[in-house]
Every structure is written in structure tokens, then in C-alpha cells.
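One chain, chain A, appears in both complexes that follow, with chain B as partner in the first and chain C in the second.
Our next item is the complex of A and B:
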């Protein structure tokens, strides 16, 4: 589904991604972990065209998407959420999800001004279904800026799903959530991945990520230091060292 | 109707177009100090069409607004790559350039033994189509408000449609807008073109009401005012900039006691509002609240 080959990105002298080669299979929930600043979010940004790659290539479902503009990547079936929460604060919860449909390839330009009655009703019903599924239905008419943090994360997920993406990139979907909320979010992700949707999840919560993901990749200083099944990866000496420091790695 | 009142109301109507023009760009998050350029281009363009080429009024107005829209598009394509302050300065520079071009622009023809047409800094006299056609000031005021109503209806349709939502998305977060599969720059160019046409309608109406335009009318103060109207009145609805125009021309100008100090009071008002209500009186939160109240009230009537 997603493949990168020797993908690199430097910011001045800082190598945020160093020759990263990855392959995410269709329908897989793939975990991306690593200490802060290890390049996880940079990978999402390079894949979605926010930053151009310094070197290397990216393919999406067989088509090369290296250095396409963000809107072009998104229109090929990618959606993402943000670690630092980006929502349209001055719009209602409903409008935030509705907004994700404006750029759907199936929406003709004319419909931006003159909607087809039936098609528009169907799309609005889809927005309500997504709000229902993410537990936001009763807040649909609230301004999104006023939502508590866990609801804002769910809103980001609902908005990403409104594009019905083939590849869903989730950047710390349970960031700042309580254990119970985290569990609910994991269940939600499993649900949205069930119809064979490919998901890539960045998370620091190891319990969640090892239960959720079939495979993990661990980054450190922009390099891949381990990849494979959660149990094997999390007991890998390099991973322990990266997370816990040198002495703990030795112990 | 009292001639003074007709003239004040006509002024409010015409200035509303340029206020709405600046408002449309404010929705996309861009601060333009240069919408007076499109007002000017259409004032000259439509004036030339009716006074010199003998076109009918409506054709002249359409021509002026089209010219303004084209100019706005051409300016938007390079400048919208700039962001924030850089864009604002570029619009200001362009508008001053347009004004200085009109200072030297001379194009006159002889009609009935008299020279008619723009004459550099002496301006452009005798745009007399309206008076020659015996349209009264009151009737012309109705023309202004009829067109303003059409533009407002256009805004209401826009704001309910997905396109209006795209503009507001760009205003909040251009990168997040791109992440919804939308080319933010292309939509900003579209907004700038529409804003140019709207300012152009105002400019054409203005030239035919005053019958005389000169370059210095279209100075930066006009641009700053049109920007301030949206910021005072509010960015939550197209009625916001109209409220701003009403406050400035309708209220401040009519209070004779402060006549000499109007600009000072206006400037202070802008400064205070920017601090306590950065997105104006009718900001998004207020409009949202009013809409909910309105819906609930309608519901209660059923």
C-alpha cells in the first residue's frame, strides 16, 4: 500500500529521516514508534507532501507520489490526523467533518456552489454517521474550538474518515487521553480498519500499540532500528537502548 | 426624500461594495490594503465606456467590473504566493502603482467640440450618462441598493455553500485545507478575482454618481477604511462589513459634534475593537450563537 525507499529528509544539519525503507501492506495496522524527535511525524509530513523529500522515493499503491503537492497526495486516497491537533476552531463540529468532503474527487466543482439535492443529503447523512460512530453526534452544532481534548482527537479521526481514505495516517490518536479513553480510541481504530483500510499509527502508549498493530517499526534519529511483530521488536536490545538509555540497554 | 440623506445613503451603498470586497479576502485570511485599485480601475473603465464610447450604463458597469476582476486575478497569481504581511505590502504597492498610473494616464476624445476623458492628475470629468438619461439621485440610489442586495444574496449563497466553507478553511489553516485535498492557492486566486469584481461594481457606480473621478480619491485611506469595516463590523457574516460602513459613515459622520475628529474617533474605535474583539462585532462565535437562537425560536413557533 505504502512503500518508501531510502527516504531522507534533512533540516539544515539535522537528519530527521535517514534512508528509511518501509513497506506497509494493504489492510495492515502498522505502528510507528520511537523516542521524541526520531522522525515519526516527519515521515507523515514527507509522505503527505508537507515537506519535500531530500532524497529517496515514496509509492502509494504502486504509484509514485514522491514530492507531490499535499492536495494531490490526499486526493489519491490518503488522510491524516495531527499530533498537535489541527481543527477548524471557528467552525462547528459538523462543519469540520463536512469540510473534509469539499475536496473529494467524486465531488464535482459545480457542487461547491450548487449542490445536487440528493447527493448533498447523502453526504450530510454520512457526516452524521461519522459523528455518531465517533461519539460526537450530540455536539455536532458546537463550535469545535470549545471541545475538550479527547473529543478534538475523535473529531480529527471523523474528519479523516470523511474522505474514506485507503491509507489513514494517525499521529498520536490517544495523546493526552486517560487509559479508558485510550482503550475506546483503540477499539475505534480497529473498527475503522476492519473493512481492509490500511492504517499507520504513531503512538507512545506501548500497551495500546502492541495490542493494535500487527507490525511495528522503531525509529531513532531518523533511522529504522527494528521492525517486526510487537513482542519481538519491543524486546530488541537496540530498542531498549533507544528508549531507556545505554546502561539499561546493557543491563 | 431629503437630498442629503439620499447622498449619504448612496455613499454608504457604494462604499459597502469595497468593504465586502476586502471582507471576502479577509475570510481567506488575507489582508489587502489595495482593493481601492479595483474600485479605481472600474471607475475609469466604466466611465470611459459610457462617456467616451457611448456604451449604455449597464454594459459600461459590466465592462468596468470585468476589468477589475481580471486585474485582481493577474495581481493575485504572483502575490498570493506571498504570505501575511508580504501579501499586504504587495497589494498596497500595486494599488499605489495604479493610482500613479492614473496620475499620468491621458486618453481624450472630442465629443460635441469638447474634450472628454481622463486627463492625468486633473481627473476625468463629465461621466454624465446618468444625468443625461434623466435618472434622479433617488432612482440611482435604488440602483445601488438593488445591486448591493444581489451581491449580498450572492454572499449568503456562498456562505451556505461548500465554496464559502473552503474560503473560511483557508482563513483558519491553509495547510489543514490542503490536507482535505484542496489547492488553497487556487481558491485564494478565485476569492481575489471575485473580490476584484465586487470592488469594481462599487467603482463603476461611484464614477457615474459623482460624474468626476480623480486619482487621489483612490488613495490608501480608501483601502484602509474598506479593510477596517470588516474588522469592526465582524467577519462572521457579510452583514459585518455593512455594519462597519454604517458605523463609520452613517453614525460617526452624522454626529456633527465630532465632525473634525471623525478620523480620530474611527481610528480609536478600530484599535479598541481589535483588542477586545479581534474578529469584529459580528464575529463567528456571535453569528453562531445568533443562528442557534434563531433556529430555536423558529422551532418554538412550530
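Our next item is the complex of A and C:
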């Protein structure tokens, strides 16, 4: 579904991504872990065209998308959430998801001003269905900026799902959540977000990621240091070293 | 007391057109986070297109209004392409300075074709007044107020009931997120400019129609009134722009009555100064900031 080949990105002298080659198979939930600053979010940013790649190539379902603009990548069925939330705070929860249907191929330009009643009713129903699925239905008319953090993360997920993406990139979907909330988010990803699409998840919470993902890739200083099934990867000596430094022996 | 209320009535009606100008500024500022100084001059150019139709083809009010709006929209799009589309991200100062340059250019163009100081413009209404108890309402002011109020309601419907409005609000709040929702920022900006210019065109027609004459200085005048009203209301807030416009109108009407016409603009600038010092966020800026803080507390 998504394939990168020797993908690199440098910021001045800092090599944020170094010759990263990955392949994410259709339908899988692929985990991306690594210490802070190891290049995980940079990978999302290069894939979605926020930053151009310094070298290397990216394919999406057989089509090369290296250095396409975000709008072009989005149009090819990619959606993402953000580690530092980017919801529309002064809009209602409903409007946030409603806005995310913008630019879908089924939306004709004249509908921007003159809505097609039947089609729009269907889209609104879809928004309500997504809010229902993410547990936000009773807060639909609240201003999104007033939601507690876990709900804001769920809203970001609902908003990404509104685009019905083939590839969903989740950047720390459980960031700042309690263990219970994290578990609920994992269930949400497994049961609502993942079926029928490919997911990539960045997360620091090992329990969540190893329960959720079939395969993991570990980055450190922009390089891949391990890849494979969660159990094997998380006990890999290089991974322990990267995460725990010299205290690895004590862990 | 009767005088004071009469002044308030007059002020609110004239202020409604200031509110339209302030809304135009706010739409552009909200979407671009940049100041378009050329806003006034571009609608002034539109008004001269209206004058041309009036003088050359002897056409009446409605045709002149349509010509004014079309002229203002075309001039606004010209400004958008040159100052904002061509100068992309991050260069807010460059955009503002070039909008100043376009201001001078538009004024020059108009003075080349219209060298006299003033030209006639079709009056909005004859000078009748409606009497309600001790108060007089001028017909032209009533028309101005009705048009402004109607347009504001229409704009509200557009912003809150259509997908275009949704996209515009999304871009003005968080352009980087909007981009990932499939919203074409360039296109939204373009139409926001066109919309702001159309509102400005209507405002120009109403204001100049009340004076029944037009001068190239109208551009400067409109930029000042719109900017002051926007600053009073709080930058980036449409309800703020409306309130700011009405407040400016009332303060001008009161100072004209109690102090004299020569103090009218002085009072407006004094009001702006007081706001900048004591309430820099404007009337609605504080409300928005307070709401944001409350939202953050809940997180």
C-alpha cells in the first residue's frame, strides 16, 4: 500500500530521515516507534508532502507520490491526524467532521454554495454516524475547543475517517491519555478505523502498540533499527539500547 | 435627550455602511492574516466604473450599483493576484507594502481618467424624511441600513449554512489543518477577496449615493473607516466588525452634533486611540480571548 525507498530528509545538518525503506501491506496496522526526534513525524510529513524528500522515493498503491503537494496526496486517499492537535477550535464538533468532507470527489463545485439536499443529508448522516462511532455524538454541538483532550484526539480521528481514506496515518492517537483512555482509543482504532483500510500508527505506549499492530518499525536518528512482529522487535537489543540507553541490562 | 437619541439613530444607520467596510476587511484579514490596505481604493475604482455608467450611458441607480459591484470585484481580484497570490506564505509585510503600492496605482489610474475633483453620482433617494414621534429618519439612511442589515444576514447564512462558508472559516482558523481536509486554500482566498470586494462595492454605492458625488479620495476614506471600525470591533471577528462600525457611526454623529463637523474625524481617531491603549483586542477581541482561555481551562 505504502512503500518508501531510501527515503531521506535533512534539516540543515540534521538527518531526520536516513535512507528509510519500508513497505506497509494493504489492510495492516503498522506501528512506527522510536525515541523523540527519531524521525517518525518527519516520515508522515514527507509522505503527505508537507516537506519534500531530500532523496529517495515514495509509492502509494503502485503510484509514485514522491514530493507531491499535500492536496495531491490527500486526493489519492491519504488522511492523517496530528500529534499536536489541529482541530478547528471555534467550530462545533459536528462542523469539524463536516468540514473534512470537503474536496471529496462526490462533492460537486456548485454544492459549495447551493447544496444538493439529498446528497447533503446523506453526508450529514455520515458525520453523525462517525460521531456515534467515536463516542462524540452527545457533544456534536459543542465548540471543539472546549472538549477535553481525549475527546479532541477522537475528534481528529473522526475527521480523518470522514475522508474515507485508503491509508490512515495516526500520529500519537493516545498521546496524553490515561491507560483506560488509551485502551478505548486502541479499541476504536481496531474496530472502527482499521477495518477496510491500511493504518500507520506512531505511538510511545508500547502496550498499546504491541496489542494493536501486526508489525512494527523502530526508528532511531532517522534510521530503521528493527522491523517485524512486536515481540521480536521490542526485545531486540538495539531497540532496548535506543530506548533505555545504557541501563538496558537492568530493564 | 431627544438630540442624543436622534444622533444615535443617525449614527447607527451611517455606521451600518462602516460595518460593511469593516466586514470586508475582516474577511480578508481572517483568511489571509494580512492587511489589505488597497481595499478602499479597489472599491473606489468600482464606484468610478459606476460613475462612468451613470455619466456615459445615463443609466439609473440599479445599473450603477451593479457596475460598481462588478468593478469593485474585478479590482479586488486584481489586488489579490498581485499582492497576495503572487506573494505567498510568510511575507505578510511584503503583502501589506505591495497593497499600499497598488493603492497609489489605483488612485493614479482613476485620476488620469477622471481629472476633476468630484463627479456626480446617482443619489440613493430624494431628500425625504420619515417622522416618528420626535425623531426624523432620512429615507437614504433607512435604505442604507436595510441593505447593510440584509447583506449581513445573507453573509451569516453563507458562512454558517454552506460548505463554502465552512471552508472559509476553516482556512481562517487553521490553514494547515484545512489543507489536510482537502480544502483548496488558494481558491477559498480568491473567493473571500471577491466576496469582500462585492460587499465593499455595495457599501461604496450606498455611501457615495448618500453624498451624490464621488472623489478619488474615497479610497483613502473607505480604508480609514473600515480599518478603524475593524480595530474597534476586534480584528478577525465579524460580529466585532459590525459593532465597531455601528459604534464609529454613533460616535461620529454625536461629536458632529455636540462639537461640530470639524471635530468628527478627530473624535473617531481619539476613540481608536483610547481603544488601542485600553482595550487593544477591540470589543469582541476580549470575548474571543476569554472564550479561548475558558476552553483551555476545561482541557
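In this section, the second predicted complex is superposed on the first by the 244 of 251 C-alpha atoms of A that agree within 3 Å, B and C clash if a C-alpha of one lies under 4 Å from a C-alpha of the other, contacts with A are read in each partner's own complex, and residues count from 1 in each chain.
Keep in mind that, in the parts below, a contact is a pair of C-beta atoms (placed from the backbone, for glycine too) under 8 Å apart; a residue touches a chain by one contact, two chains touch by 3 or more.
Note that the coordinates shown come from a computational prediction; the quantities given were computed from them, not determined experimentally.
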* Fit or clash between chain C and chain B when superposed on chain A -> clash
* Partner chain(s) touched by A:74 [first = chain B, second = chain C, both, neither] -> both
* Asked: Which holds for A:55: it touches chain B only (first), chain C only (second), both, or neither?
  -> neither
* Does the superposition put A:112 against chain B (first), chain C (second), both, or neither? -> both
* In the overlay, answer first, second, both or neither for which of chain B and chain C A:92 touches. => first
* Should A:148 be classified as contacting the first partner (chain B), the second (chain C), both, or neither? -> second
* To do: Have a look at where A:137 lands relative to chain B and chain C in the superposition and call it first, second, both or neither.
  => neither
* Of the two partner chains, chain B (first) and chain C (second), which one does A:104 touch, if any: first, second, both, or neither? -> both
* Asked: Between chain B and chain C, which residues of chain A are contacted by each of them?
  -> 48, 70-71, 74-75, 79-80, 82, 86-91, 95, 98-100, 102-104, 107, 111-115, 143, 159, 163
* For the complex, which residues does chain B have touching chain A? -> 157-158, 161-163, 165-166, 168-169, 172-173, 175-176, 178-184, 284-285, 288, 292
* Note which residues of chain A are touching chain B in the complex, please. => 48, 50, 69-71, 74-75, 79-80, 82, 86-92, 95, 98-105, 107, 111-115, 141, 143, 159, 163
* Using the touch rule from the top, collect the residues of chain A that touch chain C in their complex. => 48, 70-71, 74-75, 79-80, 82, 86-91, 95, 98-100, 102-104, 107, 111-115, 143, 145-149, 152, 159, 163
* Structure fact -> chain C residues touching chain A in their complex are 158, 162-164, 166-167, 169-170, 173-174, 176-184, 291-292, 294-296, 298-299
